[in-house]
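Two complexes, one shared chain (subunit A), two partners (subunit B, subunit C).
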Partner chain A sequence: MTAQTKNGGLIHKLSIGFFIIINFFWIGVPFLMALLWSLVDPKHPWSYPDMFPKVLSFGRWEQMWETSGLVEALTNSYTIAPLVALFTVILALPTAYAFGRIEFRGKKLAEVVVLLPLIMPGMIIGVFFSSMLISLELSEPFWGIVIGHTVLALPYAIRILSASFNSVPQDLIDASKDLGGSSFTTFRHVFMPMLKPGLLASLIFCLVISIEEFNIAFVLGSPDITTVPTILYSYLGYSFIRPNAAVISLILVIPNVILMLVIERLLKGNYLAESTGKA
Partner chain B sequence: MMNKTLTAIAATVALGLTTQASAYDLKEMQWNQIVEQAQKEKAINVYVWYFQPRFRTIFKDFEDKYGIKVRVPNSNEKGNINKLIAEGKRSAGKIDVMAIDAARMPSLMQNNLVYGPITDVLPDAAKLKTKLNGVETGGYAVSFWGNQTGFAYDPSRVNEKELPQSFDALGKWISDNPYAFGVNDPNKGGAGNAFIQRAITNMTGDNEAYYATGFDAKNTTKWSEVWTWFDKHSDEITITSSNADSLTRMNDGEISMAPAWEDHLKGLQAQGAITPRIKFYIPEFGMPGGGNMIMMPANTSKKAASMLFINWITSAEVQTRFNEVFGSAPQHPDADDSKALVSQEQRQFSKSFFTADYATKAKKAFTENVLM
Partner chain C sequence: MKTLPSWKLCLLLLPSIGTIALLMGSTLYMVVSQSFGLHNMMGDSQFSFEFWQDSLQDTKLHVALVYSVKVAVFGAIGATIMAYPLVLWLRKPFTGSTAITGMLRAPMFIPGLVAAFLMVNVISYHGIINESMIWLGIIDKPIRMQNDSFGWGVIVLQIWKQLPFAMILLAGAVNSIRSDVLDAASDLGASSWQRFTKIIFPLTLPALQVSLILIFIGALGDYSFYSIAGPKNAYSLAMLMHITSTEFFEWNKSAVIAVVIMLTAIVASLIISLATTPFMKKTGKLK
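Here is the complex of A and B:
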């Protein structure tokens, strides 16, 4: 139990007030502005010197929903990304285990080689990797994108998971084996609790990488498969129209908020406690 | 086993049909044969990196006229180029027609990625431009979109009788109206690039070398005067981050004048993103005009339909429509350009853009001397 200082209550209230004010300006105001901009009627632009839009309507929402292909893009992105996350983590596990728990000659070099894709410009990887997939006749858009994104996400998953494997205390493994635990039991009761945060972090990273990747998704997918970044690049570049961009941003933020809530729920378990037995 | 056999037969037939479908030579066909073949091809993918929703609407006229479906994928310029390169070795690529900056053409032609010369086939080729922004495409691409830079201004905040027409007058206007003049970072938008090029020619003299291929550093020795001018006005000019940012800030009242594209302004006004109050003019000291070209990739499997589309989009009728809808300068001499934001009198102040070498040097020097 912590002792209450003389001004503890005041400091507590000030801290909460400060937190609310900062978050209001950091998250609330931009969100409200995006909402307001998305409701600007297409026929009545909001411009200086008007403090507020003259006419509000759902015209932009209707227009964007009907013309931008968002539904298809969202469906594609949120189908491809979970597959990419799953495949990447499965493929990353053996390498991550080797990097995290086994000493071998050339390990440092292997670790650097695995990370090489991270320092290559995305456009280079996008063009040449897509070109290679096309040469290999792996140009079926959907699976081509899944393969491309899996390769792009692998270094991240290997890096995160190898750190997780490395953090499993050897004495816990030894204790499990001393108590007669099989390899599976040891994996389930020693490795898994410690690996869970790394697995979740890897899955999230891979999801985000896949959802945000443009080059491979566009080169292999267009015109048959449209993903979210394709829409974003299209609406935020030369043809930047602020009210339309506001609609797109708000529509895109909804699945991400849901995803964050799910992740938050999953991460609520106290993994440290689970792994060490200390509450 | 039976399924495998059937699949193999179907694949062979399909392959045969595909080969047959593309086994024709446009250069040996009469135009009516090309139209006939085009209609058999049913659909094409047209890659344009801007205003896609509006293009989709306009392209319905082509669909209605010829019964050929036009798909305009969402994309950006770099993405389109990357896709073209990545698909280069494929026998049949997904891109059938592509809008392109002329500066990109030489490298794509060198890599045999472009079909041509299309001017050997297009019926109206003699009336179309094959050279744009100093790049001669040798008939592999034709100009379909004319765009002009000038100054967008808010007439509620700028006295129209005192619009600066000379570079000296502009300098004075900037000093009299600090922060009201915006220039976008030339690395992120052509309007800023255009203004910097005119600043160079107005302050150091025009030079034919700027419009010819090849680069000689001695032609840039006087450019330091230009950076000194910008430095002098550094506390009076607002640097914006893009073409769109300049117009957005003007819409919000932050600035009241900025270099902009005529077609960009009109396009944004038509979509209710920018107030229709904003006007546009080309000052007498000149601002560059350029455009975009249209071409077909060498590996399109629908050459006839693509050629028909290129003929349609460059026709006088469609170019007149583009002028009405987008404010782009018609590229067919028989088109009507009376719906533009600027008059024919002002259009005579249109100048050329520098070729790529000098344009790149100007951007780099501006970045080093003014932005950093």
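Here is the complex of A and C:
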């Protein structure tokens, strides 16, 4: 530890204060504005030069729920996302095991290939995956979106899960085998407890990725299937309706933030396990 | 770590790598072949350079390329420059530093479209910034920040969204520098600036490279930020590609644009690596 000088302490306090002020404008204000806009009463529009909305109510939320395609979009998003999460984790598990616990030639290359979907711009995947589906005469946008999202989520699931596999200490596995445990017993009692947080985290991560993905859902889904991001885009684009966009933004972002906090918790536990183990 | 016979290994890798390779490979194949007139969506398929020649002479593509590259360059550099002081500040844990890191990461959890909307609210013509500045008497009439002709709106948005990402990459590198190296430098009379330029910067260059490259690529091929906060009269590469295929049905030209996006990403990554590598030699004895 370095000693704190008198001025050092002051500078430290000032820097935190400065940070809080800047961050309030950087992150706090944008959110507050969205919240305020979503509460603008439909009958009393908020327009220049009013500093604040005249009437606040949940009217906009009710109106969106009853009259727009929001319910349908939510249904679609929340049907696609669990499917994506399930498929992704099932596909990712064997590879994550190989990455986490097996030494093989070409591992580095395989790890790079897995990252490809992250580098390819989403719109290119959207447009040309759709052109491929058209030329193969497959026109089932729902499954197209599920496949596209699964591929986008795979790199994350593989990374999270291979870290979990990697964190299982070898001596525990050896101990289980020495005591006569079958592969199944070893898996259940040694791997499973260490894998659980990673498994849950990757399921949630895939869910979040699928719910917020825009490009593929936009290109493949239009005009039949709307998801929450595509409906948000429609209110931000040609027909810009700010309060409606605010409502949908909050519907999209609030579950996301909660789910991400859960993941953070889960993965922290996992790292803890990793640091105590002697793998 | 153990080894496995290769057939078992293949079985393990096939489900995910197979899926990724199949989709990425076929998308890439469609892009390249359609740019040369093969697998035509309309009319006969025939190999030709026609679409390349047409597109490369098209000023719309030139404008879109310059615009997208400009935003990507400013976005990547901006996010990285802003990330450095924050990461250095948070290097040593203090009360509340985890909370601050958490706050700073927030934009990463926010979907791109929502981010665009949040920012548009703040920077719009009668948005909070303009109104506050008028109220404070700094300006007489609102400044156009959303859909401005240069594209500052998109650049700020990219920085806002990518800053946490740059921070995570740089924090890994900065936190791995041992304190005694920095203490030794101080003992030898180095100022904070010298410690930054002579030790921290060279040692974090690999992370800097990765962060610049990934943010550049992300911003180059982005669609939603440009279309919401960008100038109304300019198309980014991804926007141009999208309307060329789905509105004008000129799939071949759209494929050419897709190839241009990917080539630009590759060329830019090479330039970034080549431009930063010479500085890494300074690490020499410290490693």
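In this text, the second predicted complex is superposed on the first by the 180 of 279 C-alpha atoms of A that agree within 3 Å, B and C clash if a C-alpha of one lies under 4 Å from a C-alpha of the other, contacts with A are read in each partner's own complex, and residues count from 1 in each chain.
As a convention for this text, a residue touches a chain if its C-beta (ideal position, glycine included) is under 8 Å from a C-beta of that chain, and two chains touch if they have at least 3 such contacts.
Owing to the predicted nature of the structure, the values given are computational and were not obtained by experimental measurement.
In the overlay built on the shared chain, the residue A:S234 is in contact with subunit B alone; subunit C does not reach it.
Of the two partner chains placed by superposition, subunit B and subunit C are both touched by A:M123.
When the two complexes are overlaid on their common chain A, residue A:V219 makes contact with subunit B and with subunit C alike. Of the two partner chains placed around the shared chain by superposition, subunit B is the only one that A:P42 touches, whereas subunit C remains out of contact.
Of the two partners subunit B and subunit C, more subunit A residues are in touch with C. Legend: residue contacts after superposition of the two complexes on their common chain; A:N7 is shown touching neither subunit B nor subunit C.
In the superposition on chain A, A:G69 contacts subunit B only, with no contact to subunit C.
Applying the stated contact rule after C-alpha superposition, one finds that A:I27 touches subunit C and leaves subunit B untouched.
Taken together, the two complexes place residues 48, 123, 126-128, 131, 134-135, 214-215, 219, 233, 237, 242 of subunit A in contact with subunit B and also with subunit C.
Those residues of subunit B lying in contact with subunit A across their complex are 45, 47, 49-53, 56, 71, 73-79, 82-83, 85-90, 94, 154, 242-244, 248, 251-253, 264, 267-269, 271-277. The part of subunit A that touches subunit B in the complex is made up of residues 40-45, 47-49, 67-69, 123, 126-128, 130-131, 134-135, 139, 214-215, 218-219, 222-224, 226, 230-231, 233-234, 237-244.
Residue ranges on subunit A touching subunit C, taken from their complex, read 12, 15-16, 19, 23, 26-27, 29-31, 33-34, 37, 48, 51, 90-92, 94-95, 97-98, 101-104, 110, 113-114, 116-117, 119-129, 131-132, 134-135, 147-148, 150-151, 154-155, 158, 208, 211-212, 214-215, 219, 229, 232-233, 236-237, 242, 245-246, 249, 252-253, 256-257, 260.
On the subunit C side of its complex with subunit A, the touching residues are 1-4, 6, 9, 11-17, 19-21, 23-24, 26-27, 30-31, 34, 39, 41, 89, 94, 96, 100, 103-104, 106-107, 109-114, 116-122, 126-128, 131, 160, 214, 217-218, 220-224, 227-228, 238, 241-242, 245-246, 251, 254-255, 258, 261-262, 265.
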